[in-house]
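In the two assemblies presented below, chain A is common to both, partnered first by chain B and then by chain C.
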Partner chain A sequence: METEETTSDQLGRSTALRLQQLKGQLFEVALVAATLVGILAVLALFVQISSDAFQPETASPAWFLVYLGTLVGPTAAFTLYARRRPAVRETNAKAFAAVFGGLLLALVTYAVVDSLSPYDVFTYAFFASLPPALVLAYDRTTEDRTYTGPAIPASIIVGVAVAALLYDFVRGPIGVAAEWILYFGLVTVPAALLVWTLTASRRGRRSGALAGGIVAAGGLAVAVASIVTGANASLLVVLYSAFIVPTGYVLWRSVRTDPEGRVGVAGPFVLLGGTLLGAAVVDQFGIRSPDSFLTPNLLLQSWDGLTASNAGVYPQIVGSIIIVGFMAVLAFPVGIGAAIYLEEYAPDTGLRGRLATILEVNISNLAGVPSVVYGLLGLALFRRTLGFGTGIVVTASGTLGLLILPIVIVSTQEALRSVPDDLRQGSYGMGASRWQTLREVVLPEAIPGTLTGTILALARAIGETAPLVIIAIATTTYSPPSGLFSSGTALPLQIFAASANAKPEFRHGVVPAAAVVLLILMLLMNATAIVIRNKYGREN
Partner chain B sequence: MSESDTSPKIQTTIETGDEGRGEAPLNARDTVIEARNLDVYYGEEQAINDVSMEINEHDVTALIGPSGCGKSTFLRCINRMNDMIDVCRVEGDIEFDGKNVYDDDVDPVALRRKIGIVFQKPNPFPKSIRENVAYGLKIQGFDGDIDARVEESLKRAALWDEVKDQLGSSGLDLSGGQQQRLCIARAIAPDPEVILMDEPTSALDPVAASKIEDLIDDLAEEYTVIIVTHNMQQAARISDRTAVFLTGGELVEYDNTAKIFEDPEEQRVEDYITGKFG
Partner chain C sequence: MAPSHDADANSITRRKSLAALAGAGALAVAGCTSDSGGDGSDGSDGSDGSDGSDGSDGSDGGSETLSGDIRISGSSTVYPVAQEVTRQFAEQNPDVGFNLTRDGSGGGFENVFIPGDSDMNNASRPIQDDELQRCRDNGIEPVEFFLAQDALTVVVNNEADFIDSISLEDLKTIWSPDTAPEMWSDVNSDWPDEPFDLYGPASTSGTYDYFTETVIGETEADQPIREDFEGTEEDDLIAQGVQGNEYAFGYLPFAYYVNNPDSVKALSLIEGGSDPVEPSLEGAKSGNYPLARPLFTYGHMGKIQEKNHLQEFIEYYINESDEDYIANDIGYVPANDQMVEDNLAALEEAIAGDYEYSA
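This part shows the complex of A and B:
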């Protein structure tokens, strides 16, 4: 009895086992603590910045109660309601994307086109879109489609070149047109064409043409109405085409085709309505609002270094968007192309294989090079060697483009590598060429990963400050860049400059408020990346 | 999805091949593929050692042998899938209809349109069932009735009845056995002359595998089928001729299937077949 252990003794918890378990639990606690430290530090930073920006302690308690009643309460109730209903949640997400995506698209389009001059943008857009349209039209009439694919990008390049050559001749006649007509051509016409093709693919050609016609006619009506009432016709045409039309289309389709989830379209309006209602109530009863620094003034005016309440960062926001946007045009084709070569074409052996290996190792190294060094490279390359002006948009875009190039290449390579080799083999086995395999099988699979990586690279670029200082981008400009070769500034530079302002309300008010704007810009980009990834993830 | 795999109406009995399979004399039919003194190297290592064999039209030819004996390598040489491996070097001839496929003027892309391949792991593209089957037609610029060809191919691959109502849904939604038949439908849609199969049933359950075996039997009426398999019973059931490769990439014996399994010439082959080795 003493020598034989019973089964229950053997299976029981011995001291050694207990100690081991304790060790495991301690390790888990340490891991949780590490996670919390990181998250809490970031949260504390956000709370600090936003409390400086919004100054919530200056508001009366009534202000909080009003917004609790009009905004927080209804939104929370709606969220609780939607939580249990997947159909509602899905429609809600779609409605949010349509409403806020459309609004954002409209405002960004207007701000960028307005600062670059609608006449110039229209000239280039017209000449860049006409040749591919002709190629597509020719493609419909002929049987042999071998050259359509390569002809489209080639025709766009030719179109832009022709626009640059003919600029002086064309600019005159186009300059005669009223501004809103150009916005109509730039935004309403594509929106109408999009609605046309979408409707035509679902409900036949006639309803497609009808829907497209209605959209175009609506754009004209908005323009006429705003001219009569003296409003800003250009802005309203853009808002109508890029915000009202897509929102209306998505909401209308959801309500019509999705009886289960149609309640979800209310989501964004609960939020917007709550905000407006709260503002109306606060205004009506004279409730004391916080002395927030994040005001319409900050978003819409240009800089004033003397009075904090007049300081605005509109030129800086538009400058950042233009610099980063042009950077994307420069860096993405190069980066994605390089990644495709290294991953799909470069051989593993021989001289070229060794070269490719060296390149790959160095690209990973380049991703870690400090951004100040990229600033020096930009200065040497664009200012010294190519002779571009100091502190202009092209130099900034090029420098930031070099900075994010390794990130784009590495993330695209990751995306291509995650496409299973089985699929390539299957495609080659069917008698597909390398290019066909790439286009039909590999690239479609790699798009979500590529897009996620590249948009995260954009978010990195929009916050870069050091390289812009080195290439002598102005810290403050009073108007947004008027072209790619004009001087402009970026939001992080203005934040950097204002942080040295003598007045404390700049250092403790305007700077955090502008930082919040910068964070929101970055978060919007990340949100776009997440939406794209989830959308493609669901489809596959 | 796997429901249909176990539905009772599908014939699951395994036959020992039809009458006549595996017994006709070796040269009764036209030769479609002929290997002459084929050597294949991966870098320094020799994977195939001086293999010569003739493969007849409309036969099912099984390649068997232990792992690493070069049978898959041999299969992939026939439509030059090995070209993708940088270190792979091929010496000697493989003739397809009298033309050496390793000649400089042979385009591997054109060759693979004549000689299709089905892999061990089902690898449908992440596209709809229709697009999967139409893939080969699309890349080859087929300008006939694609939908009719898709239907015909799916019928020939014994998959049509199971998927005819969901041609638009993803090929990845099918069960493993259905995916493999989809891959076969995809391979036969462009109407090749030869179909290579690299262990097409080894990733499938026995019921799904037996359906593929039945299918191979039907396919042999129109195509020449060359199949690599690890499963000796399978080789015995479905093939007309069997080639036994042994370690070192050597073709040890190649004869009628019945002869190989009942009365092999070589002691090594008998040892392998009876399971004494390999």
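This part shows the complex of A and C:
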């Protein structure tokens, strides 16, 4: 009897247990379902957009076979091979970052500087870099370094101010120089200096100077060669300095110092070679490619509202990059500064403590304010109060800067908060001051989180449309903005305008293709954030 | 000892490399002077501009290069026309920079034109009295150019065989909030005993404003149009809605219909017992088709007087406004000869500074 009772008791208990487990399992299934719904919806959207943009159904099956053979197959095989070997994988990632990051950097630099006029950019860059260079040189010669640190940002501001004052006198003489010389000064000289310092720190000063000299001489050789052959010397100098030099440096270093992972450098070239080979085969045999709307025309021409194949968004792409770039210059120092104050300096108690709490709550709320409201704010602030004029780059950058400021502050605060307090206490225990602790301990730890948050804020800003409509940023221009006070234009606005075009090939072809371009810009920014985070994460 | 020695050696290396760089710089300067002499024609903007003014002082007036910026704000309905004309003009005059915004007729006046930021404002309706007043308060005289017309098309499902034309009175009966019939047969006993399924532009659209004013007019009810219709910003969705139901009924801009003619069936319109008029650009151009709304652009007189390139552009714009592509590719009713003449006269007056807007 007793036994029976115990058994039924046990049975009852195990049923309850089973029910408990079932509940847990159901909950997990529900969570998985929720995740899948979200991911599948986004995926379906991407498939829809890219199928409209690339029109894969218009290609012949042979086209897919060719690229499967030349591009997808080899790349997949190489990736599988690399995945098994950590050393190869790491070198592979580095090579990818160098090749594609360099290529992108070169093209963006050229497009932006070209539209802003290399003469102006050079004038300002020269005056902004001369004073800090002098300060650094002084720093080298003296023992007393108390003031050199703070003097560097101050001297940059002074330099820019001097450039603005002297602009009218300096612009004439600089205007005499050929364009490529300015690009040489803007891109090749920094690249050479970078190679110089990097090599000097690893292999001694003599070889550092030698490497830097080789880079500079190579730049001159490229310029001379392209002038002789009649090519675009400016573009080639930029490509050489921002693409070939970093790629060459990374590849050379990997091959020399990393015998195990050396094979990894082939990764990007398998991809590039596969693409080129595929294109050659397709061209040779006259295989029908898809009638993609994402064409060189779309990327390099200006807008045409009647012929879809002729429509391009080059001014809008460059305009977006300039607006967002200048926005970063405006918003990041302010946002990061505010976050450091609120997190590290602001007191917790007393009147000032309460003030800081109120500020923090308001900043968190501001992050959720609809972007249209920021557009109205920008209109009121920049047009009505400051009299800047609507539709210019500065207004757009300022408005978007205000928009992302709360995001920058909050994410930087999060990054600072995630630095363990033990580190701070340890640093104080060693007798370091608050500023020293901040600079040497807290900030380096917080850099990955800060950069990730801020770059994601950039990615949000580049897609904003509504505030730009309100401050009357141009939908269509036929050349990119020529300065910070000239009329700006942005890609999302042209996408929005084209979606109302009466012709179906615009709504279902050009719009998705331009949206893919915008998505690629965003993904590139996110990829940069990930690369930076991983790099700093590893070093720490 | 050692550090100072090291620094010494180092400074020599640095000096050497600086000398090498300086030598390279000298070479570069040598390379540049010959180079900049070579491509003087596409050199910097500044020198180019002064060249241009020199040229205009000279004998040949025809090859005078125009340069400067033109800002055009306003209606998104007029935007396709402005976009195409500016594209052509920019191709012929690469030094003229254009800046086109789409902020709506009212938004363009309010935020851009009245503060004096834009040279021209497009509008899909005449300028309103208060807007005119505020323009004049800011010392701006708007110069009106009547450029084209945007026709409305009344559409039904392709399967709807029972109807080919409709009178304006019936149209009013169907859409008015005062009558708001449930069934087709309520309006006309020849039509089937089926419920209406109505589609039209949302109340934010200029097409909606025009339709409610012109077709429905004054209503006894509070709202200008019956409430039980599907209103949307997207012309595409109106067409899709009408495609989905044999007894659907809707109206949309003619420009959409002209570019997507197979999607829906357009009805002819009967005005006051006359013969039905098919929705066609010719019909609207001749004034026979009753549902066409005027599209305008307003110039800033002070800027027209000031900017030579703006005068040239507006003249080009006016002369292009009766071209075929306005009808065939954009789907608007082009200007007729009279309109072109009037616009050119208005431009002349504006350049002379004598223009005064009157409704």
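By our rule, the second predicted complex is superposed on the first by the 528 of 540 C-alpha atoms of A that agree within 3 Å, B and C clash if a C-alpha of one lies under 4 Å from a C-alpha of the other, contacts with A are read in each partner's own complex, and residues count from 1 in each chain.
The working rule: a residue touches a chain if its C-beta (ideal position, glycine included) is under 8 Å from a C-beta of that chain, and two chains touch if they have at least 3 such contacts.
None of these values were measured; they are calculated from a predicted model.
Model built by superposing both complexes on chain A: chain B and chain C fit together without a clash.
Once the two complexes are laid over each other on the shared chain, residue contacts for A:440 go to chain B alone; chain C is not touched. Shared-chain residue A:259: touches no atom of chain B or chain C.
After overlaying the two complexes on the shared chain, residue contacts for A:209 are found with chain C alone; chain B is out of touch.
In the superposed model, A:337 makes contact with neither chain B nor chain C.
When the two complexes are superposed, the chain touching more residues of chain A, out of chain B and chain C, is C. Contacts of A:422 after superposition on the shared chain: chain B is touched, whereas chain C is not.
Once the two complexes are overlaid on the shared chain, A:304 sits against chain C while remaining clear of chain B.
One geometric descriptor of the composite model is the angle centred on chain A: between the Cα centres of chain B and chain C it reads 140 degrees, in steps of 10. Judged by the touch definition given at the top, the superposed model places A:430 against chain B, while chain C stays out of reach. The least CA distance from chain B to chain C in the superposed model is 13 Å. No residue of chain A contacts both chain B in one complex and chain C in the other. Those residues of chain A that touch chain B in the complex are listed here as 143, 347-350, 353, 420, 422-423, 425-433, 436, 440-441, 444-445, 540.
Of all residues in chain A, those touching chain C in their complex are 117, 119, 171, 175-178, 180-181, 184, 205-206, 209, 212-213, 216-217, 220, 223-224, 227, 233, 302-306, 379, 383, 389-391, 469-470, 472-479, 482, 486-487, 489, 493, 496-497, 500-504, 507.
Residue ranges of chain C in contact with chain A, taken from their complex: 10, 13-14, 16-17, 20-21, 24, 27-29, 31-33, 35-36, 44-47, 69, 71, 73, 76, 79-80, 83-84, 86-87, 90, 97-103, 111-112, 115, 117-118, 234-236, 253, 255-256, 258-260, 325, 329-331.
Residue ranges on chain B touching chain A, taken from their complex, read 79, 81, 84, 86-87, 109-113, 116-117, 119, 121, 123-126, 135-136, 138-140, 143, 170, 172, 183, 186-187, 190.
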